[in-house]
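The letters A, B and C name the chains in turn, as written, and every chain counts its residues from 1.
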Amino acid sequence: MPADNIQLDDNGKLLHFLSIEGLNQSILTEILDTAESFTSVSERNVKKVPILRGKTVANLFFESSTRTRSTFELAEQRLSADILSLNVSTSATTKGESLLDTLQNLEAMQIDMFVIRHRDSGSAYFFAQHVGPGVSVLNAGDGQHEHPSQAMLDMYTIRHYKKDFSQLRVAIVGDILHSRVARSQIHALNLLNTAEVRVIAPRTLLPVNTESLGVQVFEDLDQGLKDADVVIMLRLQKERMRGALLPSEKEYFRLYGLSQDRLNLAKPDAIVMHPGPANRGVEIESSVMDGNQSVILQQVSFGISVRMAVMSMIVGQSGLQTGDES
Amino acid sequence: MPADNIQLDDNGKLLHFLSIEGLNQSILTEILDTAESFTSVSERNVKKVPILRGKTVANLFFESSTRTRSTFELAEQRLSADILSLNVSTSATTKGESLLDTLQNLEAMQIDMFVIRHRDSGSAYFFAQHVGPGVSVLNAGDGQHEHPSQAMLDMYTIRHYKKDFSQLRVAIVGDILHSRVARSQIHALNLLNTAEVRVIAPRTLLPVNTESLGVQVFEDLDQGLKDADVVIMLRLQKERMRGALLPSEKEYFRLYGLSQDRLNLAKPDAIVMHPGPANRGVEIESSVMDGNQSVILQQVSFGISVRMAVMSMIVGQSGLQTGDES
Amino acid sequence: MPADNIQLDDNGKLLHFLSIEGLNQSILTEILDTAESFTSVSERNVKKVPILRGKTVANLFFESSTRTRSTFELAEQRLSADILSLNVSTSATTKGESLLDTLQNLEAMQIDMFVIRHRDSGSAYFFAQHVGPGVSVLNAGDGQHEHPSQAMLDMYTIRHYKKDFSQLRVAIVGDILHSRVARSQIHALNLLNTAEVRVIAPRTLLPVNTESLGVQVFEDLDQGLKDADVVIMLRLQKERMRGALLPSEKEYFRLYGLSQDRLNLAKPDAIVMHPGPANRGVEIESSVMDGNQSVILQQVSFGISVRMAVMSMIVGQSGLQTGDES
């Protein structure tokens, strides 16, 4: 899969947003800083700026999604874009058109930005390689590859609560093997010079080359949580249970579920994160999810600002100007 | 179910719009007056005012609906809101999230107003009890409990054609037992001091405590229609036929269907209303539905103004200011 | 089916856009000229004009569609309309309402324009006959009758590349019998005084009265393509295969599929068009579809301008005024 050359132009400006891999610390920090300026937009009375006014954004969700799709749509509305949201599973592809045909037809409609979620790893790259100049692609999750806007809202959340990555121990718990979220998080945490990135999972849910990703691997949850500043729980896809990868939900919770007792092994001020939707009682105890160390709902809020930031950087505006209210 | 304390603030201002029960005559009259100022908006050339500009309204329809959902969406657009419409049956709840999780995640997206339709009675109250300060909930129909915006557009229609409630005989005909529309109408008619509210239905379609609602009960349609000023026909849910509650459609029409002959028992200038969608030939004869006493389509039109009124009262603007065109 | 009297007012102004049949050369030319002024809108940085500001357009797609529906929605957004898009198959009609009831209820919501696609020929006319004054209907495809906006974007494409219709040989290839697109194209090409309109199809896919439409009929593809300036391929509905009308896909391609070799029989600068979605390898070879004589994607682009043109003519604005940016 191509890496650093397609997302950035010769001056290092963001053209597409496809994966954290291939980006650099400076871009990641710019996204976080820009998002910070937009957080105030979402909180003020008139939540709108004209940055994407007269631009058209097409949301192509080949996989269903509530959280990601809704926050992208709200980000687009708050940037004043025109929006074309296609429920792609029920549209032209059912008439036998290929993904490339669908893309080219939409591009002919003068779409400025595509937000795409697709079950195939690499689909967002495929799109980006085929759109013409001036058209951008944002990856909203491609197969088991990456989910970069989720990772950036996670980084935003961590920076918001913990400030300095270089002092942090971050533990990611769960199905690393199948998780595009984990993959993007690990790249981002490393680019931002996180002191220690841990992954905690049973062997069956770890990629073979995990250590090469620059993380410490723990199979034991208690050991992995020790002194962590940030605990990120991953969603357990229930279909994994049906395969040979895992025993029962109950057994999974016993071994890898986050209870309050376990959380107490981490630092007293550790924060708990989850990309959602969570399986209460499977990977996380309800009381922890709703407890005062949980910042799970704040992640959702920050997701809008982060998506606004990425889209406005792509059109060449780094954040909010004075008097920028539309 | 909680009543008067949650919908109004200490100054009697509207915070949520959940049920007619618990509101008072002054609020109902303010809704009608405000709606009147918006009727002109829908009729003029540019049907838009900036009252909800930069606010976000989420439409959560767990039950399908064309009329109610479309008129809410149009009301929101005409108030210049940003709109997030979720087809909730196919979204996160299918991934096993609870209603409360869905709500909290959406609230984290800085939604200002929720419009919710749900098959469970009390769901709108449940939402209102759980949202934070500054966030409002509008009930677009909850189970067999209430459908307050429908009742208010009905009140608007009655006042438009008949002016003074204190002189009116209003007959509601059909499945009172299962009808959230009827429940809301009865409360509203009583709050507005209607001279006489009649319900006409077979025993099997009447709640046990009907009389305690402040209505006159008739099992005979002809008697109930006598000298009525307003005749409101309810939709007959066809699934009731399959239960033991009712005989055939034909038999129902013979006993409780509104024909022109029967309508002639009411006052000569009586108006005929129906919340829609109507079963022609079951609860109402086609010629009556399309006849010149029918104001059924006018109800739909007024529905937009009434919904605009409620939403603008909630954000603290009672109707249209001069020069308020966006 | 009514023809010329309902689409135009007494001064020849466009009221509805239902079929090419019944329109005249002057209106068609005005549509093309107006569309030309809008092409620049879609290409500029802020793709928006306020021509439909405060107007409401309802998109009623009883048949699914990506291309037509998306380009209509984008045209409406770029004209700044309020938009109500109903997935009609899953809405009120499932509760047993008739088409007319649905229409009247929507009309009561002060819709200014209806865009309707429906499997029944004549449905758009039916709508136009029943809406009140000031409300317009646009046909986005009705059964096997007409698809006039598709035909006009095709005319726009031809004029763009070939200028003068009076010198052109245009060949339409494929399932003429079932094609609303072909029917609209033939009317439009004749109204615009095309030198020669050819249809090329097996007998089983030709209407009985084809010659009376003012076209030359060819059963042999090679003969029909000879010296053509424009080659329009029609989509082959695969369900035709299952009937007795056609042999296999492979056999169809051998007889009526457009390969590069065959295209070489047309003029060297002939353009290739297709309304989409195309069946690659059935009616058209992939290399031709993606080749440099193909203008298939340009058709899609022009579709937005043409739809903007029709809608703005209906509201009484013939194209773009200076300073018309919203």
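Simple rule for what comes next: a residue touches a chain if its C-beta (ideal position, glycine included) is under 8 Å from a C-beta of that chain, and two chains touch if they have at least 3 such contacts.
Quick caveat, the model's predicted, so the values are computed rather than measured.
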item: Pairwise touch network: line, ring, star, complete, or other; value: complete
item: Residue-number overlap at the chain A/chain B interface, same or different (half cut); value: different
item: Rotation in the CA alignment of chain A with chain C, degrees, nearest 5; value: 120
item: Computed distance of Cα centres, chain B from chain A, in Å; value: 41
item: Chain B, residues touching no fewer than two other chains; value: none
item: List of chain A residues in touch with chain C within their complex; value: 53-56, 82-84, 86, 90-92, 95-98, 101-102, 104-110
item: Residue ranges of chain A touching chain B (in the complex, touch as defined); value: 42-48, 64, 66-67, 70-71, 73-74, 77-78, 238, 276-280, 297-298, 300-301, 304
